[in-house]
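Structures given as structure tokens follow.
Next come two complexes built around chain A: one with chain B, the other with chain C.
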Partner chain A sequence: MTKFLLALFLIINFSYAQEPKKVIARQGQVSFFSYTSVENIKAENNQVLSIINLEDGSIAISMLMNTFVFEKALMKEHFNESYIESDIYPKATFEGNILGFDAALEGEQTKIIKGIFSMHGVTKELEIKTKIEKSQGKYILSGTFETLVKYYNINIPPLLAGNIAKSISINFRFEYQPYEN
Partner chain B sequence: MKKPTKLNKRSIVLVQLILVTSIIVILGLNIFNCNPNKMVLDTKPVKYFKIEKLIDELSFEENAFSDFKENVVAVEGFVEDINSLNNRQTVILRDKENRNTSVICDMQKDQTVLIDSLELGDQVTIKGIFKGALKDIILLNCIIFNQTNQ
Partner chain C sequence: MKTKKILFTSLLLLGCIHFSTSQDLLDILENEQQDTTGYLPATFRMTRIAFGHSTEVRSKGVLEIFTSSRFWNLPTDRSQSFAADRMSTRFALEYGLSDRLSLGIGGTTFDGLFDGYLKYKLLTQKRGIKTTPFNITLFQSTSYNSNSISNPAIYDDFSDRLSFTSQILISRKISSDFSFQIAPTYVHKGLMVSGDDNQDFFALGFGARYKIGPHLSLVSEYYKTFSPMESFDTYGPFALGVNWEIGDVLLQFMLTNAVNMVEDAFITQTRNNFNFKDPNLNFGFNATYVIHFKNKLK
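Take a look at the complex of A and B:
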């Protein structure tokens, strides 16, 4: 009996020791859509970096603006050179917290992520409803939200104003793995 | 010397018009249909890296790569991971010491057969457009680089 209890104690301790404190997504996906009667613009970035600290629920996201992939080369050129100015502002970042996050909970939970998003030299507080799935130690975060172009100091020439929606729809999906740094 | 006839004049104008139109069309196609996949296939790398050197340079200076950003580079490293996350084919390269930084190579669709022949730990050289670095270095529109495709 003593041996059994000792073995059980060791197994429990070992499994706790294996729980990572941080998880990382190196190939997170962020895509955006602009729908207008003139044209639809869609782009996706498949190399978005994100790290979650499972102990306090803090989350950080970083992406290169020039890794968005567009259907047409001209859209990409306008995006990088005229609107986002990716040479001057190469990255967009988000730092925040998953409110009420229970990292131990297996299955699905829906939480609000609140934090500061920085892009094109503008910082803005965001609250994003996010689905969190945990299965076999892996976490997947996904969701959709809308934001307005005017918030980010992006100048669109009047001639092209009809081609770009005022409100942009953004989708995200991150698959996290244990992270030892 | 013979004076140009009305017909000759017309021919000259027509030829000039065709030439100008052709130039405009060619330039237009180059500007609007600049295909990054083709660019990687056709362009000689501006820089050839051993992965250790690339990671070392990144750790010293974040903007070390500004000279060849958006240019085609070739990186030689060891296959750390092959995945199809986000419905894309990605090969991740690491160095011998397996340090924390890797090179994420977003592969072109026609590379499937070559990717299938790779195994974890294989030494390989990948050519792609250098985009920059977050925690890892990112290359897009990548192809497996060998003597026959360059």
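Take a look at the complex of A and C:
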């Protein structure tokens, strides 16, 4: 009986060590685009953090707003100071679940990620269609979605209304590695 | 019995381990976050607070087309001038040679000064693990007085017509709305009106910006000169203004007693004190158009 229990205990421990329960992306990419007839605005952030708990498919994303880079230097200043107010709201975060996520499945699967996104002091529920690829223990999540500027309490002066699109398209791509705690 | 105890303890331990690893995912990310929160956006936003330079410099490949105008009235009872009796305009081009070093050249209509400057950002305010409490920018300008001098007693060779201003601009963004700057200044003037006056001046500048909206801020600036001219009365230049940023256009509106727009001139020879009587009160308007020559994600 004792031996059996000991063996069970070892197996449990061993299995814990074998299969990582969490995977993390430290250099996730998020970019956004605003296309208008007046001006195209593009920004990229290559330092987005994300973590997935493979056991229950829960996912979290965190990014610093001031690590977005723009084509024009002044745009970055405007973005941080006048629009996103990154000294008051330095981060945007997302916390949610990958619905029906099968962590063991090799290859591609497309799932809906549902969760709560918060940015600029506003929280909003999002559902994002995401492509998940798994190969050799690595997970890659990528996708595109659109969101409206007006949801996030961002003040655009009427003079510049033509320069900034009402709907912003967002691309993301995260490559996950096993997370050692 | 003993087995059960061991089993129970190990299960508990297991539970503990499991509990400790199932902490909130966002908390894990919080710990993972590199210390890149340090960057503080825009202490003053514009390269000038009102008439004087701020610690801001433009990034590499950014050209600013800068026009600065002052309008004022003469103290005559009635005048038939359109809008204002007198005006002065400074046109300038200012270019970011690197992310730290800027170069500018300009010319002013009223006082005939042509000036050039170099501005180097030495330190940028940061917070986080590596904290830098201040922005420090070094500023050096040279101006050439192109006015014709009729008095033969005044030496007016090229070198006599040059004036120099050196400044150490020190600023701090105290809160997200409020920024403050002090500017120890040394001015060497060429072309003196009277031989009694010394040519070297020390001054201290104070400037502040208060953000009242996402695109709008109130600014004020004052320079105290410690060894003023003796041949005529001078006062410290003062300005109260509003800065408005709209995309690639930056506008500054101000009320000031400083007619001149080049550092050595407004610091040492502002002849009127700040009040609302003519010709002391100047309405000032600076417009900057920003052109980016290097449009790359960086």
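Everything that follows uses one rule, which is that the second predicted complex is superposed on the first by the 164 of 181 C-alpha atoms of A that agree within 3 Å, B and C clash if a C-alpha of one lies under 4 Å from a C-alpha of the other, contacts with A are read in each partner's own complex, and residues count from 1 in each chain.
Here, a residue touches a chain if its C-beta (ideal position, glycine included) is under 8 Å from a C-beta of that chain, and two chains touch if they have at least 3 such contacts.
Owing to the predicted nature of the structure, the values given are computational and were not obtained by experimental measurement.
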State whether chain B and chain C clash or fit side by side on chain A once the two structures are superposed. clash
Contact-wise, after the overlay, does A:I59 reach chain B, chain C, both or neither (first, second, both, neither)? second
When the two structures are overlaid on chain A, which partner does A:R26 contact: first (chain B), second (chain C), both, or neither? both
Going by the contact rule set out at the top, does A:P90 touch chain B (first), chain C (second), both, or neither? both
Check the residue A:K111 against both partner chains and state whether it touches chain B (first), chain C (second), both, or neither. neither
Between chain B (first) and chain C (second), which, if any, makes contact with A:T67: first, second, both or neither? both
Regarding the shared-chain residue A:E175, is it in contact with chain B (first), chain C (second), both, or neither? first
Please work out whether A:K134 is in contact with chain B alone, chain C alone, both, or neither, and reply first, second, both or neither. neither
Could you tell me if A:L49 is touching chain B, chain C, both of them or neither one (first, second, both, neither)? both
Determine, for the superposed model, which of the two partners chain B and chain C contacts more residues of chain A. C
In the superposed model, identify the part of chain C that clashes with chain B, out of 4-12, 76-84, 94-102 or 202-210. 94-102
Enumerate the residues of chain A that count as touching chain B in its complex and touching chain C in the other. 24, 26, 44, 47, 49, 62, 64, 66-67, 69, 72-74, 90, 181
In their complex, what parts of chain C are in touch with chain A? 3, 6-7, 10, 14, 21-22, 24-26, 28-30, 32-34, 36-37, 39-42, 45, 58-60, 62, 176, 214-215, 245-248, 290, 292, 295-298
Help me check something: in the complex, which residues belonging to chain A touch chain C? 1-2, 5, 9, 12, 21-22, 24, 26, 42-44, 47, 49-51, 53, 58-62, 64, 66-67, 69-74, 76-78, 80-83, 85-88, 90, 93, 95, 155, 157, 159-160, 163, 179, 181
Touching residues on chain B, where the partner in the complex is chain A: 31-36, 69-70, 83, 85-86, 88, 90, 92, 100, 102, 104, 106, 131-132, 134-136, 138, 140
Would you pull the chain A residues touching chain B in the complex into a rising list? 24, 26-27, 29, 44, 46-47, 49, 62-64, 66-67, 69, 72-74, 90-91, 173, 175, 181
